[in-house]
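In the two complexes that follow, subunit A is the common piece, with subunit B as its partner first and subunit C second.
On to the complex of A and B.
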């Protein structure tokens, strides 16, 4: 997995690419997410358009970030959820937890 | 053992998550060789990654001298995969329901549930000498 990150209008955008299966790849996403949270960032969008698939480790990272941000009056949102990941969110009932948008632009606009 | 070994359609890997990508590459190449559809390959890859993570972390507890064995077998139009560790075993009935309200926001505990959702069958044989999980999927 590779990871790109940037800020747009004060909103952190994380763009993982590849497969989130655990081990060092998952640590990369977790650490980058918490690097921004530790900087006091409260608005995060995770763009999943380039993620081939993820397993429960990836879901756990998203939940961890979501919970930590929510406890600090922030929020984590998803953009471009692929069919494969949408299926996982549905069977685990996490689809009811995360706000998901069809594009990064829509996700960013939702914070305004 | 200090390096992964591949013998036919079997891979033996040290308990180190550094090798997850190598396992996935071996798995997906073998499944393509079996003629498995790409959408089904992803479901199998997700499932195997869950079970290998469990085997390394919870079964072998990341012990350097213990390994995980992944064995693939094509049976007509289905694939059967066994993932074995050398840990102390566990009680499959002790796995909590990840859909329960009190568990929904937990960061861990969904692996086996996801595997059961994606595969046609899941068989867990847990013994004090190790756990073997066998999954099967038609393609």
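On to the complex of A and C.
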């Protein structure tokens, strides 16, 4: 997984790319999140459009990110969830936990 | 055989032995001053008895020597007195070098003055007296020379008088000086011993001091005896006492110095013994030949033969080391194979280390070799630790606790560039800002010995100065360079060995864990009157994160079925699963309703693991009384319920995955089962089996397959499905843990039939 990040209207946009599979990926996302949390930026949208695949550990990483932000009074939302990830979220019943949006704009707008 | 001859032979043999012991010690490490001095000490101690014996033998006219030759030889036995200044020199260098900071260490030779004077006095007095007489005679003749010769003759005659006086009282004067030398040597040795902290050196100094005490008593006895009772005590006894003292001291020295070095004591003594026996014969021949040569010289130099003979003897003495070297080499090549030199250290070291695989013991052996063979005071090990990826100064007898070195330490970088033993002082440019350099400095490190394999720095040894403050010689550097190569090999071997041991240990642990996990799974499905059950679980590694179980309940009509899949693989997943099994069994035994079981389980797992660890789990209870199946699905792949008529339902009610988020609520649902209804539970290892193009087998295909084969017995369905997946994904058994459970209702309205 590679991880790009940017800000849009004060909202942090994270763009993982490739496969989210655990191992170093976990640290990568974790460190990036804490970087922003330390700056007081706690509204994060994860853009999943470029994620081909996600295994159980990958899902764990997303959950961990969600928990990290929530414990720091922040919030993590998802955007551009692919069908495959959508079905993973459905099966694991995390659809009720993660707020998911069809586009980054929608996700960013939802913070207002 | 008379007593005299026996005494003389005894003197010759012991003297010869000491001489060769001296030569051995000197040759052992010629560059070391302490070796040279000890060797000289033993050499001189040996010369005394030899000359005394030779003089005595010649006095018997056995060799037809002239009276002049006899006196000359006999007087030469005073050479042994040089033993005393050498002794003082020794005490200045041992156990530590007091002359280290001395600008002109050669002043040490001034110590020789009184004894040399004594020797010259005894040898040359006759000539000087003659010269003085002839000068006076010439002066009295008058003539042109008398103006010059007169005062000269006067001065010479005064000097001669003074010398004559000294000569008359030589015994008490020089005897006192010698005793004084002993006292001085004793003082230096004693204070040196107190300052010494190296236990080995202390023990050796003690040996020397003990010998010195004994010898001092014997010397004092002989001197005082001859002075107080000049007539009562026979000369032979005095001579004996003196040489006994000499031998005692020399043997104690030999003992101390030989033990202090890496020399094998027995070997050295054996060598010296062989030298002695061979050389007594050779030296005899040598002296006879040299005396013959002197007879040829006598006619050429006429009357001055006596003076010539002194020079001749000195000349012979100077030639002696070359001569003895020659004998030595012959004897070595003939009798002594093992060489007690650096090559021996290296051979012994490589023999030892090749069989040591325990890295601590290996380090101890290296340390011991350096301390005993090269006399290094302290050795510090800095090694790279693979498992943590850092360099650290290791704890040892010399160093209190393991200290990690910063990767970017300047000194470490500097040492990384070295490829041979290097003085610490020459690494000055890396000292600034380096914590490592500060520690090395504090520990008084003098030399850095880099340990490098083909690519990188395995570590390095930091050596302090040698015991007693001696400098590292060029030979030391060579030896260290060779030893360092062997150390690298040995240390690498030890590490690889430890790694393989660790791997074997881990494998054993894993197979034990696997056994435990297999024991946790039901040995076989319960024998239910109402349903056929078949289950199979294949971990992708030794242990896995999949789990299924059948839980008997208080109500005999009910049975619990669980299937679960922990996130991740291997040991971490297996541990999570073990926890799940314990919790669910106790929850079910408590008789809790399904939603509560799930909620409690979620809370407990969430509390005991980090957020990214979770379990997908499906739990259901089948009641044969009413044919109902109550369940809750916590984020698990939907189990497939295939009705007898081929209709399919997914059991998807429940709540989120277990352990990810706190405070989740779960609901349960129930389905009514009929005979021949088939419930297929599985984990994602099955659905995510992939073909060569990366396409997944998929849940649809599973469902299709199970629907088609629903009339078969559960075990047959599982086998067929496995074969189908295998034809799809040749690498199956899969990358992920895979588990399947089939429950086929066969209740016949409560009748007991299978």
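Convention: the second predicted complex is superposed on the first by the 111 of 112 C-alpha atoms of A that agree within 3 Å, B and C clash if a C-alpha of one lies under 4 Å from a C-alpha of the other, contacts with A are read in each partner's own complex, and residues count from 1 in each chain.
The definition used in the following text is that contacts are C-beta pairs under 8 Å (C-beta built on N, C-alpha and C of every residue); 3 or more make two chains touch, one makes a residue touch a chain.
Note that the structure is predicted; figures quoted are calculated from it, not measured.
Aligning the two structures on subunit A places subunit B and subunit C in a clash.
After superposition on the shared chain, subunit A has more residues touched by B, the comparison being subunit B against subunit C. Residue contacts after overlaying the shared chain place A:68 against subunit C, while subunit B stays out of touching range. In the superposition on chain A, A:19 makes contact with subunit B only, while subunit C stays out of contact range.
Within the superposed arrangement, the part of subunit C that overlaps subunit B, taken from 490-498, 724-732 or 742-750, is 724-732.
Overlaid on A, the two complexes show subunit B and subunit C touching the same residues of subunit A, namely 22, 56-57, 59-61, 63-64, 67, 91-94, 97. Chain contact summary for the complex, subunit B toward subunit A: residues 17-18, 20-21, 24, 42, 45-46, 49-50, 53, 98-99, 104-111, 113-114, 117.
Interface residues of subunit A facing subunit C in the complex, by the touch rule stated above, are 22, 26, 56-57, 59-61, 63-64, 66-68, 91-94, 96-97. Residues of subunit C that touch subunit A in their complex: 565, 567-568, 610-614, 616, 633-638, 652, 654-657, 660-661, 684.
Of all residues in subunit A, only 19, 21-25, 52-57, 59-61, 63-64, 67, 84, 88, 91-94, 97 touch subunit B in the complex they form.
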